[in-house]
Structure formats: structure tokens, C-alpha cells
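We just call them A, B, C and D in the order they show up, numbering each chain from 1.
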């Protein structure tokens, strides 16, 4: 199963896991990543985060990167759920699940997908802090994390 | 929260996740690994797997490796649940959850813990196949995966 | 008709989500920018930012990429990821 | 009293989960092996396997490690992990 969803509403990690693994006895390794809204970013308290995206383009690029992950690793299942809209500290933002017969492939593919999502996916963040609401600038360290995958 | 459980009964991934993240808004990244019983191992159909362990020693070594992961990476939370006893294909065997402010630490710590669990934890596997029940021998490739962490 | 969309900080700077152009005299992405600026000179500053990105029908393209009626063209700042 | 435990394939080979020894004349892990073999000569083959591991009170130790009354000593094959 290969699944992508860009949605405003929250997701249930336990439910998504059950859906993914039911009737499946070939996936020995399932790796999940859940990205959550942090209360502090670079030392500053953030009361809310709003993610804007480009509907249509987001889904297209997510499908492309998921297909790339499937080419690079022997993935039985993969799942990406990414939220947009306004979120408060502790809320879930993104879920990536990869499943494979072996753990190395599942870990690498999951890390590849989340590195891409966190840096190259067409989302724009604005943060609400005591100083007001402002758009977040792209981070160089995130780009490096995503770039390591192009060396392969 | 740092938690270890060696148990015969199954675990609920969604419940464990909820327990881990509730009232927590500093963990931006949560990584899970679920190891499940595969129907095929090295090309052979396996109808059941039995994990035997050394009660007391297992918990002691798991606590030690979890403490080591906490020293190496800035982990807010970590959780290891490992089952023993007889399991059939598709059943869950092990859950490792790591949570950190940043995803790289969470991924590396999770992979470190599962590499160790899969190779060095005091468990012994016996597999039931069409040819009967036999004890599994230690695998060299697993040892290499665990060994990469000692180079750091 | 060409649909033009603006996202994130650019959308706020222009005070506009998007606009429809007739397509007359427009052959490239750069023509769209010129047409928009001819109509609203104060958009020049924002549409000429060097790091501004552009997509045609959801694919990132350069300023000299051709456009035809029916295309959806979007302008946006560098993405900051999810 | 010294508690001696056997695990996994060794447990099956010996047909025994564990045994209690009085501790008289036992100073090291190797003394335990000799005492067990003196009592059951057919265990020699299994207790002399070169890859056999031993733990004292849940810590892996060598054959010349000292033991005293109250210790728990376990013998087992190489672990295969979870």
C-alpha cells in the first residue's frame, strides 16, 4: 500500500498503523516518524504555527518523492500524511510510515522521506510569537540533511 | 519518560504513542520501530517463532543500552517493549520509540537501540518450519549493524 | 485565460491570492510578470526578488518558460518545508 | 548454594532448566562445569562447546571468574537477538 494525504484535520497514529499492517505478514520492519509542533524554535517560544501549501502541487510532489523512495528501497508499504493550517504546540504535523522486510531499508526510506518533506515540500510556515506573526526563512541545516540523499 | 518492558503479551502501538507524547510539547520528532514476525526467513516459510530470554538479565541489559542511548543523544523519551514466547507470522515482537527535539537524534537513537536488540539482547529464537523446530544461529550481518555504533 | 496564484509571504506582500489574465501578448513567465507590473507598478519590488520561485501547472520553471492559455502559474518564496 | 541455569539449545541438550549446587569445593565458573560433569559425564560435550557463554548474576563472565554461595550462574549459547 502506498498512500498520500495532505489534510487539515489531525491523524491517529495507532489507526494508521493498524490499517497499514493488517493482513500483512511480510513486513518485518515498520518505521514511523511523527513530526510534532514544538513550543520552542531556536530558543523562542512559539504559540502557534500555520502551514500554507499549494494544493495540487503538494500532492504531485509527494507522490513523486514516494515513488522515488520505492525505487531506491524495497518498500512494501509507505504512507505520508501531512497537515496544513494552524497548529498549536504538541499537535501532530506529519506522519511518515515505511515498511519493509528488513529494518535498514525501512529506516533509510523513512529518513529520506522526512528529510525531503521538511525541506523541499511546498509548504510555507508562519510562526506566532510574542513579537507577532512572521514567515519562517529556509534553514541551511535542513537542506544539508536532504542533500545527503543526492550523493547516493 | 524512559521505559522498558519485557513481556509475553502483545502491545498496542497507538496506546504507547499516546502515553509517550501526552502533555509533551518539546518533542518535535518521534521515531518508532515495530519489529514483526515474518512469514519467510531466508526463503523458508516459518509458521511460528519462539523467543526465549533470561529473565532479569534481559531487563538489566535493556536498561543499560537505553541509558547509553540517552548519553549519546538528547532524548526526551524512550521506550522499549520486547515480547518473548511463541509468536505467529504478522505478530508484533518489539517496539522501540525515541523522541527528541530534532529528528536526526531520534532516528539515530532508534536505529542504535534496535540494532542492539536484534543482535546483542539475550534472546534465543527457535523457528517452526515444515522441517521441524530448530534454534536459529547468530547472523554475521546483524552483528555488523550493531558494530557500526561502536566506531563512534 | 491564465490563472496566476501567489503564496505565503508574497501573497501578503501583494495583498492578493491570485489573478486571471486574458493571455493576450503573453508567451512566457516573464511576460506575466511584466503584465502584472504594468498594471500594478508597486508589485515590481516583490516580483523581482531574486529568490522568487515560479511553477507552471505544478512544475517549477524558469522565467523564460513558455505559457499558453489554460495554464496555472504560481509565484512563491522559497519553501520552508513541513 | 549456587543456582545454575541453562538456556535455549543448551537447556534442551542437557534436558534440564537448572540445578542447585551446594557450593562446597567450588571457587570458579570452571569448578561448576567440572562438578556438573563429574555428576553427569554426558554433559561434558555440551559444557565444553567453545562458543558457550556464561553469566554470573546477569553479567557475562569468563570461566576463571570466582563464584560464591548465593550467586546465580547461567550457561547459554550465543544470543540470536530479538
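Just so we're on the same page, contacts are C-beta pairs under 8 Å (C-beta built on N, C-alpha and C of every residue); 3 or more make two chains touch, one makes a residue touch a chain.
Fair warning: this is a prediction, and the values are worked out from it, not measured in the lab.
Chain centres here are Cα averages; for chain C and chain D they lie 77 Å apart. One inter-chain figure worth recording: chain A and chain B are separated by 23 Å, centre to centre, where each centre is the mean of the chain's CA atoms.
Distance between chain centres (mean CA atoms), chain A to chain C: 27 Å. With each centre defined as the average position of its C-alpha atoms, the distance from chain A to chain D rounds to 50 Å. Those residues of chain C in touch with two or more other chains do not exist in this structure.
Contacts with at least two other chains are made by residues 35, 118 of chain B.
Interchain contacts link the chains end to end along an open line, per the touch definition above.
Contact between chains, per the stated criterion, is found for A-B, A-C, B-D. Contact residues on chain D toward chain B in their complex (touch as defined above): 5, 7-9, 55, 58, 72, 74, 76-82. Within the complex formed with chain B, the chain A residues making contact are 12-15, 17-18, 21, 23-40, 89-90, 101, 103-104, 106-107, 110-111, 114, 118, 145. Listed in rising order, the residues of chain A touching chain C in the complex are 35, 51-52, 54, 56-57, 60-61, 82, 93-94, 117-126, 135-139, 142.
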